[in-house]
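Alright, structures below, take your time with them.
Below are two complexes that have subunit A in common, paired first with subunit B and then with subunit C.
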Partner chain A sequence: MSIPSVQTPFKRFISEYVERKTAVFAFLLLVFVLLTAFLGPFLTMQNPYDLAQITIMESGLAPGAESIDGNTFWLGTDDQGRDLVSAIVFGLRISIMVGIISGVLAVVIGTSVGIVSAYVGGRIDNLIMRVVDLFLGFPSFLIALICLAVLGRGADKVVLALVLSQWANFARIVRGVAIAEREKEYMDAARGLALPKSRIIFRHLLPNCLAPLIVVATMNVAFSITLEASLSFLGVGLPITQPSLGLLIANGYEYILTGKYWLSFYPGLSLLITVASINLVADRMRDVLNPRMKK
Partner chain B sequence: MIKKILTRALPVCMVLMGAGAAAADELTVATPNDPSIDPHYLYVSTNAAYGRHVFGKLLDRDGDARVKADLAVSWKNIDEFTWEFNLREGVTFHDGSTFDAEDVIFSFNRVPNVPNNPASYESNTNMIETITATGPYTLVIKTKNPYPLLLRRISGVSIVSAEAVEGGTTADFTSGQIAVGTGPYKFSAFVPGDRYELVRNEDYWGEQPAYDKVIFRIMPDPASRMAALLGGDVDIVEGFSPSSVETLEAREGFYVAQRASARTLWLYVDIQNDQSPFVTDLDGNPMDNSPLKDARVREAMSIAIDRDAIVTHVMGGLAESANQLVPAGWFSHNPDIDSISVDVKRAKSLLAEAGYADGFGLTVHAPNDRYVNDEKIAQAVAQMLARIGIITQVETMPKSVYFGRLNRQEFSLSMIGWDNSLTGSSLMSLSAAFHTREKDRGYGGWNAGGYSNADFDAAVEAAEKEFDTVKQEKYLNEAMRILIQQDRGAIPLHSQFTILGVRDGVRYEPRVDEHFSAMLAQPSE
Partner chain C sequence: MTLFLIRRLQQSIVVLLVMSFVVFAGVFAIGNPIDSLISPEATEQEREKAISQLGLDQPLYAQYFVFLKNVSRGELGTSFVHNRPAIKLILERLPATLELTVAALVFAIIVGIPLGLLAGLNTESLIGRGILSSSILFFSLPTFWVGLMMILLFSINLGWLPTTGRGETVEIWGIHASFLTLDGLRHLAMPAVNLGLYPLALIIRLTASGTQETIPLEYMKLAKAKGLRRRRIIFIHLLKNIMIPIVTVIGLQFSVILAFAVVTESIFAWPGMGRLIIDSINLLDRPVIVAYLLVTVVVFLIVNILVDILYSILDPRVRLGGM
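Right after this comes the complex of A and B.
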């Protein structure tokens, strides 16, 4: 350990984070997953979402099989003849994009609502929290399912459904933290300076509520990805010609007893790696950021 | 949805548990289809198949779609308009009441009057002017026009007990209270979405079925049905997935029962609307002058589709590519219609000729739980259209949503599969799906493409009235030629097979109309 006094909070966070080797491994894995998702689509042998590039003549080929134009399907092809490597990379991108966008949106909306609610207090707080209760009263999966049943398919609709089903969690968490923070001396000082309300809320109160939020937000991305995969698996969510990981798994599910294991297995493995790495990273962040968790 | 989650988790559990084999006097069938117990409610072929177990008809169709006697023992065609029937005497309903002509009249009158019926059986009765009893066991039916196909039509009308059903509702059937027929099986129990149980009718007038008890297990997911069969939980799987055929045949103790069916799949093309709902230009804006109205575009689309590739790679070889709306070998299959061979180059030049060299945007719609591999077929079609420059999207939905929207003409290019076995010819599909919509005359009820051609209509109407089958076939062939060859009014895809997975120890021979019938199952030891 170097001398603690010269460390910035960020450096301290890093140095504590790397103490656990599994966490470092998970982080590297996550970086790999993200690079695959965002750079991979430029490198794959085909665009599996372009119907003119795939052909059912090549459907259901085993891993290692050769394509008509001489390429190799390293993980085989799916039931529509998509190269599974390409399909997974594109599916990963769509899953992660949907996960991150909906996760971030849910956090932003939930946080804003929660913090305002806590700061303002009184009747408005009460009203907002009852709305939050209403949303929390239903399982998030059910809310998303109902939304998509009404809205139909499409990435934008999935994002909307995921945000609607999750923002209330954040509102609840942030409000709890903010209420505790509200009573502290630095808040009194800020109020004493007669700063505008918005400045107090977003410059003074918010930064002090961030630590727990970062952890929950990270985990939420993983949860959003899982949720999206579950929805796609059930056939609501993304269009069938643009399969995400969940849809790829669902498509392969029919073949699970026929020996064509790769159709579901590799997309499933990719989903597992993605979600597990995010969760491990979030887990370690919680340990580091939460003083109570320290040994 | 929850049901779907459960059914998808189930097969794994069941394989793990290795459930014991079903008893010999019981037949357990895994089926994707929830039944309607009311035999006059929701006319789809799966319900017609369920109905045959509990309810009798004046005439029925055998496994090869030939008309055979049921509750009528003999019949006579008096003149073009008049038919006389002698009914079977000494038949009792499941509740003990006696069957007679009043029950027939009651049933025929009930068919068009079932409230809130999403798909009525009235297409089988609406040609009838009057139906009168001339004695307790004699009937006379008069038709509005000469109608040679009457016998086949009334093979689609189940007979219920007038005493039991009078004043009853569809819900009373579902509860089992008035589910009283003359069929070989009696209603025993029904749990929607789960199971439908039947017991043998010991007083059945005809040949007794082999099994005392039949249990339909309702399992929408194909992988679950397969797992249930492998686990010994069920004896027969209906709607067996072609992709699993090889696996099952390789297994000891099971076999696949299959047969080319009378169902042909085709695509409706919206020919009517100038602004077709799912046609766009290349930027995604609606087009004022729909390219689908141009026959050259429709021909291009048709020859862009590689039917053999669909048969081989999507259907696992268990289908036959089609060039018209009835399968080869059937009455009214027109041998003079050219087979459609795939020709991408010509398709592109036809598009260019029509002024769409760069293509346009189009969405193909299909159900995802109705026909064998329907969703996959739609995607394969989309691939092939994409290859000639039509930017194609695919939207699929459950049949409960799909067919309502189809009938409201909400689609531009849409899939349907038509079973030709009721009329045993192209007549039913041609008159319902392509004759100009004339609701009061009973034509064009399924005309989802808005096709309309006076010559075609005349040929269909002439065929419908023609008692001479040679002439009738001529009219039908002419109508098919106009529709397919001349106007490109529909894009035929293929005729599918009916496929069942069966446990050794049970013998089953599929019907040509895909109807499952427990009466055709027998123990083979």
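Right after this comes the complex of A and C.
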């Protein structure tokens, strides 16, 4: 006699997710990218920014060339003899860290503002939403550019610029959901128990508003990574001491006319793989989580 | 309609004032521009003289009022670097940027709508799935990197297209345009396609999902039952109804593309305002930064109002009225 297996929502989500092969592949790719970013720097053949470990003798080598001590530069070296694989791994970590930190901060701030705005309502809600409208009225790239024009370069400033350019999105989404949730019976029950306001908002209302956020928040990390790369490429993002993928591509740009294409090609390819895997995973998650897409 | 316009203009002016203060106060906070303008060997007196000439010795609020007064006269200050009126510098470059933006949008629309229709009508086939998957890829492509790769492929390896500049331009109504000469078009092609990839992906997805949602509707079945030709059903009954969300998104995307033109212009050395703003940020050329931002805000506000009006024309159910 077999016991019918109980399907938890999470298990159902997994089993539906794996139906599409490309989505599974994208997930594995994402895991690989994340592992590379966080463990990779311990495994690369050199620390590309430790001047003692690089030599000018090995500068400008094409992909596949051999180093003096017998290793292989699979993706070549730059004009200072830096192994490009190592540089990409180190850059990937910076890009992903900036993307995740600013993505999470934007979600936390946007969600808090949105939910408080919905719960409090009235004039404060109105005022907050005006500010949100002001932010949403401008493309996030422009907001980030203004911030960095004002603040100058630096990792902390880039994170601040990315958060400022994204939070309003989340405030808008969460407020919409929270206003619908506010009228439901469990909220009446929570209010009837005379629980403190903060407890009602963060323990009762908040968890029920999170579902629609998961997909947007995931895509937002990918968007933040691209945005940071674009800003760093333009020379207004991260400083040279924190070479993210965007800066690597910018450095490679100078050599593209002299035929050293690998210096900008491979960092960009890494960026593309990172962003595309996140977007593909998020896309599949949306299909699975959205009941309207079901047949 | 008139009431709507008046209200929107009022709102726009408020937004503009708020933005001008935020921008001015923010821009004021960045480092002292005098350091990058005067040679380090300048004497103390020369330094003082330059500071008072540029009005940098006044307190912040005084500088803002002087600024507002000048703005109302259409003067946004003189560029520290170019020593010319900042607003002139920006307006000179605005047409090039607008041309690039419009060209990118036109590319996205012309290619995107047919591909989206194709994908929406054949969701299960290989073509449809392929188009939709590659549109996600387009979303993920970093614009600036694609630009570099296009230069690598089409200019360096194949030698088909020039890498930089606008090429030969023709003057119409006092504005230089590249799209009317063959040389100009060759220069315009790569930047426009580069900038248009993101809206292209968006339009493909919107058209495809709109098509999918519309096909099972009653009026589509009726059209089919009446024995209308397939071409007529698709282009009249289907396309007309899915155009509303597409047009809205195109309008909203206009400002996004206008902002992202900064990136494309830097790569292809397109002489628009985007390149100017990056140089100005690096040189702390405040008047130009402020002028750029204000001009951009004005363009956005105008585009947003136009989109609202267009929306009400396309969908009579939308009333503009009092809001």
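Convention: the second predicted complex is superposed on the first by the 276 of 295 C-alpha atoms of A that agree within 3 Å, B and C clash if a C-alpha of one lies under 4 Å from a C-alpha of the other, contacts with A are read in each partner's own complex, and residues count from 1 in each chain.
The working rule: a residue touches a chain if its C-beta (ideal position, glycine included) is under 8 Å from a C-beta of that chain, and two chains touch if they have at least 3 such contacts.
Everything numeric here is computed off the predicted structure, so don't read it as measured data.
In the overlay built on the shared chain, the residue A:L145 is in contact with subunit B and with subunit C.
Legend: residue contacts after superposition of the two complexes on their common chain; A:E254 is shown touching subunit B, with no touch to subunit C.
In the superposition on chain A, A:T22 makes contact with subunit C only, while subunit B stays out of contact range.
Within the superposed three-chain model, A:D50 lies in touch with subunit B and out of touch with subunit C [touch as defined at top]. In the superposition on chain A, A:L134 contacts subunit C only, with no contact to subunit B.
Once the two structures are overlaid, the count of subunit A residues touched is higher for C than for its counterpart among subunit B and subunit C. In the overlay built on the shared chain, the residue A:D283 is in contact with subunit C alone; subunit B does not reach it. In the superposition on chain A, A:L234 makes contact with both subunit B and subunit C.
Shared contact residues on subunit A (touching subunit B in one structure, subunit C in the other): 145, 233-236, 253, 256-257, 259.
For subunit C in complex with subunit A, the touching residues are 15, 18, 23, 26-27, 29-31, 133, 136-137, 139-145, 148-149, 151-152, 156, 255-256, 258-260, 262-263, 266-267, 277-278, 281-282, 289, 293, 296-297, 300, 304.
By the touch criterion given at the top, residues 1, 4-5, 8, 11, 222-223, 226-227, 230, 241, 243-244, 246-247, 309-310, 313-314, 368, 375-376, 379-380, 382-383, 385-387, 392-396 of subunit B touch subunit A in their complex.
Taken in their complex, subunit A has these residues touching subunit C: 22, 134, 137-139, 141-142, 145-146, 148-152, 222, 226, 229-230, 233-236, 246, 249, 252-253, 256-257, 259, 261, 264-265, 268, 271-272, 275-276, 278-280, 283.
Against subunit B, in their complex, subunit A makes its touches with residues 50-52, 54-57, 59-60, 79-81, 145, 153, 233-236, 239-241, 253-260.
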